[in-house]
Structures are given as structure tokens and as C-alpha cells.
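Presented sequentially are two complexes of chain A, the first with chain B as partner and the second with chain C.
Our next item is the complex of A and B:
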């Protein structure tokens, strides 16, 4: 006689992905361990942590400048990308094809190449109606970062609008909404929730890409790191701690954003 | 075959658009060697990152908590830090700490040169994304299939190699293609450590010939063509690996 065995749910393997608090704790404890080890070490080991402590305020202002560039680039790129995304969805095939070409060009070009393009080909000042408008290098770098952001945001917008069920469009049309009204009053508000996780993902990518501006001469965290290294005598053993500090700053900034993005994705899937 | 250089010389004389690469053999050779370096970097990093990603995904679905934690730490660190800073950390930070050897002429040089460090750093960066992509593919393989493999006597690694990985790759191919195209674009970062790839070669050419706009257009067109070729190859691979009954 077949007997039904009692059902015991298998213990789910807990995800080993550390949370934000766990990460902060690990980083702080790592710093404490390194500083105590270096304090107990010889004279050569002691300066490393002191050097980082001495220059941390300057490097953090550089990091703040990176964040400013990323925020501005994201703002510009989002506005332009929204327009380009709506162009990708246009009913006029000329607009649609033109937007497709622009999106493909800026998505498929390497970010560094686009940055070079803008830095070298945009003039350093423009004279409009007798008024001289300077374009400092960090503004040109911001525009250079905004271009690929625009293309990626356009793709996100297009994907989000296409994911809205066609029943919404049909219902809105039967209620005599114009296409413009449907897009702005019905479809796009529903898309905001869908666009948020990929949009935050793009922001993390931009925040990490702002260090490319150091290659084209903008004075941000990585150029400051190189200058700090030179100021401390250019010793080769200082490279690893200084670049490690830069890695740490970006990690502590981007990892919580990524965790929050994953949390939002899970929440929006259920809802 | 002299028609092409002549056409570009006439273009320069009539419009002022100076594409020196096409009528000057020295510039052409520099451009081609830059292209070869870009292709070398791309192919090596793609292959190496696929291997490391597959190994990492295997460890992540395994029993050892310590190894899973280490792979998780690797993925989390390499995904949330800028690849340029990783490149500098490897080349300047770790490269100077490694022992150096003597060349035939008695000069000291580090064991790994900048091209090799670029390959290592970019492969690890792409592998972190590949681990996540392969993991999503592996999770898409039904558990019943794995149990059936166990019932047939496959050991864990054999089942992974013959059954799980082929299915996982077919499922995660679109995301993998996206990542590999991004890797091709990320190879331009090697410019920062003086690897002589396309951007570096063209920058040298425009620094000498003062034809920045033309070389920029050529650079954009070059990467457009390279990305297009890679996307086409990947699309062909996707069609060849298509599982009947899935997605169309």
C-alpha cells in the first residue's frame, strides 16, 4: 500500500549576498585591522594609513566632483533620452528611423571615444551676441557622458512603453484620447515604475564612468590621486593603497544603490 | 589599387578633409596595428572572461559555503567599482609589487607588461558580469533535468559540463551577447595604460597631422563596424544555438 511521506520543505540556501550594513561593517573593520597592523609594524608601514588619512579630505572633494558630474550628466541624459525614446516610438517613420540611427550610434560607441569626441571638437568658449560663454572642460565632459546616457535611457523608455499591454492603448482610444494625451496621461505614468530599476542601473554605470574624465584632463578624483601620489614622493608601494582608497569610495557609493535597485526590482515584480 | 589613396588625396586637396590614414602608408600601418591590438584584446578578454565566468558559476551552484562567499565577494567588488580604477590598481598597484626580470640588454622590466595586465583586469571585470549571467542561465535549467542526470549516474561536474552548461548558455545568450559587446567597447580603457590599440594609434596620428575631426569620424566608424560585426556573429551563434520550442 503506497504511503504518502510527510512533506518537509527543503531548507533554502540563504543568499550570501552581503547587505549594505554588513558591507559597511566589513569595510570599517578592514580599515581598523589595517591601521592597527600598520601601527604595530615598523616605520615604513606606518605612513600608509596616515597618508590616506592626511589626503582623504582632498580625495573626497574630488569624489564629490565626480558625483556632481554624474548627477548632471544623468539629468541632461534623462531629459534628452526621454525625447529620443519618444522619437523611437513615433508614428512618423522619418522621426523613428532618425532616432534609431542616433540611438545606435551613441549606444555602440565606446564611452571614452564619445568623451574624446566632445572634448576635442566642442570649442572651449562660444561667443553669442557679443557674450563669451566659456565651456570649462568638466562641462564638456558632462555633455560627453550625457550622450550615451541619452541613448541608453531612450532604449529603456522604448522598452517600458512597449511593455504596457495594448489593451491600455485600445481602452484609451475608445475613450477618444489623442495619441499625445494617451502617451503623457496614461502610458508614461505607468512606465515610471518599470523604468526605475534600469534607470538606476544606468546611473551606477555613469557614476563609475566619470573617472574616464581623468584621461582627458578633467581634474577629478583620479587626477587628484595621481597628484597625491606625486606629492608623497612617487613611491611605487603607495599606488595600491591610493587606488584602493578610490575603489573603496566608489564601492561604498555604488553598492548600496545596486542593492536598492535589486530590492525595487523584486518589489515591482510582485506588485 | 592606387585609386583609393588618390581619391583621398584629391578629397584633401578639394575639401580639406584630411584622411591621412588612407593615403599615407606609415599612418595606415599604425592604424592597422592598432586595430590588431584591439582585436587581440577583445578576443582574449572575451574567451578568458567566459572561462572564468563558467568556473565562477560552477562554484556558485556548489556545496562549499566558503567558496560561494569568495565568488560572491569577487562579483560584488568587480561589478561595483570603475573598471578604469581596477585597471590602474592592477597595473600600477600590483604590477609594481611583483618581482621584475632583466631583459637581454640588462634593463629591469616587470614580469607582466601593460597588454597582459589589461587582459587580466578586463577579463576579471567582464567575468564578474558573466558569473551573474551564467548563474541566471543555470537557474533556468529545470531541477527535474538535473535529478534525471543524477539518476543516470552523472557526477556533479559531468552533469554540469554535458547537460547544465549547454542549456544554460542557450538560455542566457542574449544577455551574454550584450555583455560581450560591452567588453569590446571597454577595451578602449587600455588606452590609459598606453596599450597601442586603435584609440591610441589614431590619437598619435591626429597629434601629428592635426586632422582631429577626420580621425574621430574614422574612430567612430571603426568601432561601429567592429560592434556591428560582433553583433552579427553573436546573432548567427544565437540562431545556431536556438532551442526549438523556446521564444519563437
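Our next item is the complex of A and C:
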């Protein structure tokens, strides 16, 4: 079967590169929004574009919240994932196996299930030494997203460290560096380049997944979109434009990141 | 290239060293010793266990049985302080194995600063001097990827020397180089030997030099029996 043939990357013709596809998609989605608006706009109600304009500040605040949750989840998940990834590479088999189990559990669980677990298992506040630390829903959601990020980052770290030739370890060992020093001073710095593209990929997926938080009641963009829709009387013709706006926001945010990732991948392949 | 044969203390002493990979025995009872200031060269075809032997000496490869002592340190001791051993033994590899994310100077400076915890300024001064010694002055800020094979290998030698080892192990250090650059590396090693550094070299190729040029080279199997150059033949007749 041709699909089983070895993959040979072929240079894409310039015109088919994502740049053109991007513009085409944007035009189509904009047209869609405007056309549904003009076709279905009632006489008494405001035109669709004005409604979006009216609510845009609120919706964009919600979108900012999505970005905040994704960034914090990524930060938490990366720190934890680095630790877990180093656990996967530990010399102690107990640590290695434990880390492997944790990684596999969180990598192979649906994100929404993990989110539900964190939402309902973590209390809304914790009292530590008489100090009350509240855990609002959005913090819990952030932790819920950080868990799969952690597991995926751990795999990225493990793969990158493994890809450094063993001769680097030999050379460093024969200079009397400790294992810890070799990892942090010699191996990991060489890995950053290799880890960056997959790490950015994970980020895009997290950013897009933050809308799942609407299911558990966090007032991020999708929740607000639904509320705006209801506030405008739940008119069915507003459905496509309002959600189209949300889609556009995510697209405009994630697409450049993906472009940049692809660019980095190409550059590192050559370099 | 022979160093003074003074009756000094033994630096490396191997007794009945055996090493097996699974059922395949690579080293079948090796016994020898190296005195301070000596230069020895282990030659033999590839796969004969030369590299394994040299890697056993700084505990990169654990041996199956026998004993190895380096300056009184028992390498086979289960409680061996590998770091203490490796501070005394420098090693240079076939593929240079420089750290690609660091400049030549940083490659040389790293171990003294982080392993020996020496003061940065003094280390930098000494490292620059070492790079000058291996004729790489002016290349301090170059990354390994910007240097030729011969230059990288000389950085690797400087990197090893920066730890002030008592013995230097050279594992087929010229095998990856083209004949033109072999000489610049060999000259560096010879200068080290002349300064009294104890050196162990592993090679599957012999270079015979005379008056600063490579007269003849070849694998050991043919070098001793089929030397063509008159100078090589004269030298061999004297030493064999």
C-alpha cells in the first residue's frame, strides 16, 4: 500500500505554504460571519456586526482568561514535567517506574476527565496554619490542564535527553562531572533546541483546550459567548457569528504559534 | 618519542584484567604496568579490545575480573570514588566529543570551575594558555561546529589537560582525522610526552615520523613487515 511506503518529505510549493491557506481561511470565515449576519438579521434587532462590536470587550476579556489559564497551566506543567521527565531517566528503578506509571496515566486520560477529577476532588479552599487559601474554580481548572501538560512535557524531555549522543555522557564523565552536573550543565542545555517545537505544539493544544473549562463553569470565553447569546435573546441567527468570533480569536492566537513552530522545526533540521 | 625510563613509581597497573560482554570475552587476562612519564601505545586491529582496555582504566567500563590500580586507587573497588579517579586520568576520544553548546574556551574551563571548584579568573588564564599551547590562540570564542577536526581534537586535549591529570588516555584520537591534520594532533601529543606526561595511546594505525614529517603510515599488520621507506626500515631494524 502506498501509505506504508517510507515517508519522504517533499518541499511544498511556496503557494501552498500555510501563509496562503491562512488568508483563504480567514476570508472565508469572515465572509461566513458577515453573510449569515446580513441574511438573517431581523428588522428590529441590531445588525450582527454591531452586536459583536458591543460585546467584544467582554468576550475578549474572557479570551484573555483563556490565555492566562493556558499560560499558567503550561508553566506549572512544564516545571512538573521536567521533574517527571528526569524521573523517567533516573538511575533508581523505583523512581523510573513510578514516573513511568504517572506519565502513562496522565498521557492516556481524556483531558476533560482529568479536569472533572481536579474540579471535584480539590476542595474550594485549604486552611493551612490558620491561613485560608481559597482555590477558585479557574485555579482548579489550571491545575487540571497542567496534569496532561506535565505528562506530555515529561515525554518530550525524556526523548530529547535520549537523543543526545552517549559520547557526550562519556566525555563529561571522564572529566569527573557528577551525574547531576552532566544533566544540568551539559545535556539539558543541548536539549532546549530540540524540545522547543514539541513544547510549543503542546502549548497550542492547551490553549485550545481551555474552552473545556466552560463545562465546569469557569467564565472563560466560551462561557461568556453562551451568556452573551442568551442575553441577546438566544436568537438562532446569532449563533454562528458569536461562536465564529470565538473561533477566530483562537485561530489568530494559535496559528502564528504553529507557523513559528514549523519554522523552528525546519531551521533546526538544517542546523 | 621514548620518555626517560626512570625507575619511578608505577602509575597504572593492570593485573589479569578480564572483560566479557555476555559470553564474548573481549579481554582475556591483561597484565601490564605503566610508570610515570612513560608513553605506551596499544596497537592492534579493530575489535581487538584496545578501546575497551583503555576505558577500563578510568572506570568508564567495569571489568569482569582482575585488578586495576591507578596511583594506588583500586579501580575495581566497589566503593570506588569514580570522581577522584577521573580527576587523575584525562581522556581524549576518537570523535572529540566537545560540548557543542560551549565555545572552545568554555569547553576547557568548565571542568576546573565546576568539578575542581577553582577560581574562575585563574582558570580562564590557564585555559587561554592551554589553548595557545595546542596552537589554538585566537580560536577561544569559536564553537566546536566552527572548528576543523584537528582543531576540535586539540581543544579536547586542552580540555583534558585543564584538569591537570597524571595520566592521559588517547583513544584512537587520529582515526577520524584526515592525514593532513593527523600531524598537528600528533605533534601536540609528542610535546606532552616530552614534558613528562604519562600517556597511553590506542591506535589501529601507525604513523612513523622523522624530522617533522610523516614518513610512512599503515595498519600494524603490515607496518612492521612491509615497511617501504628506507628510514622506517632502518628504525625498525634498530628497535625490533
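By definition in this document, the second predicted complex is superposed on the first by the 229 of 271 C-alpha atoms of A that agree within 3 Å, B and C clash if a C-alpha of one lies under 4 Å from a C-alpha of the other, contacts with A are read in each partner's own complex, and residues count from 1 in each chain.
Going forward, a residue touches a chain if its C-beta (ideal position, glycine included) is under 8 Å from a C-beta of that chain, and two chains touch if they have at least 3 such contacts.
Keep in mind that this is a model prediction, so the values were computed, not measured.
In the superposed model, A:185 makes contact with chain C only, not with chain B. Contacts of A:208 after superposition on the shared chain: chain B is touched, whereas chain C is not. For chain A, the partner touching the most residues, choosing from chain B and chain C, is B.
In the superposition on chain A, A:170 makes contact with chain C only, while chain B stays out of contact range.
When the two complexes are overlaid on their common chain A, residue A:128 makes contact with neither chain B nor chain C. Once the two complexes are overlaid on the shared chain, A:92 sits clear of chain B and of chain C alike. Annotation: chain A has no residue touching chain B in one complex and chain C in the other. Per the touch definition, chain C reaches chain A in the complex via residues 58, 60, 82-84, 86-87, 89-91, 93, 95, 97-101, 110-111, 114-115, 156, 159-160, 163. Interface residues of chain A, counted against chain C in their complex, comprise 167-168, 170-178, 181, 185-186, 189-190.
Chain B contributes residues 65, 68-69, 72, 76-77, 79-86, 88-89, 92-94, 96-97, 181, 185-189, 191-192, 199, 203, 212-213, 216, 219-220, 223-224, 227-228 to its touches with chain A in the complex. The part of chain A that touches chain B in the complex is made up of residues 16-18, 105, 108-113, 116-117, 120-121, 204, 208-209, 211-212, 214-215, 222, 236-237, 239-241, 243-244, 246-247, 250-251, 254-255, 258.
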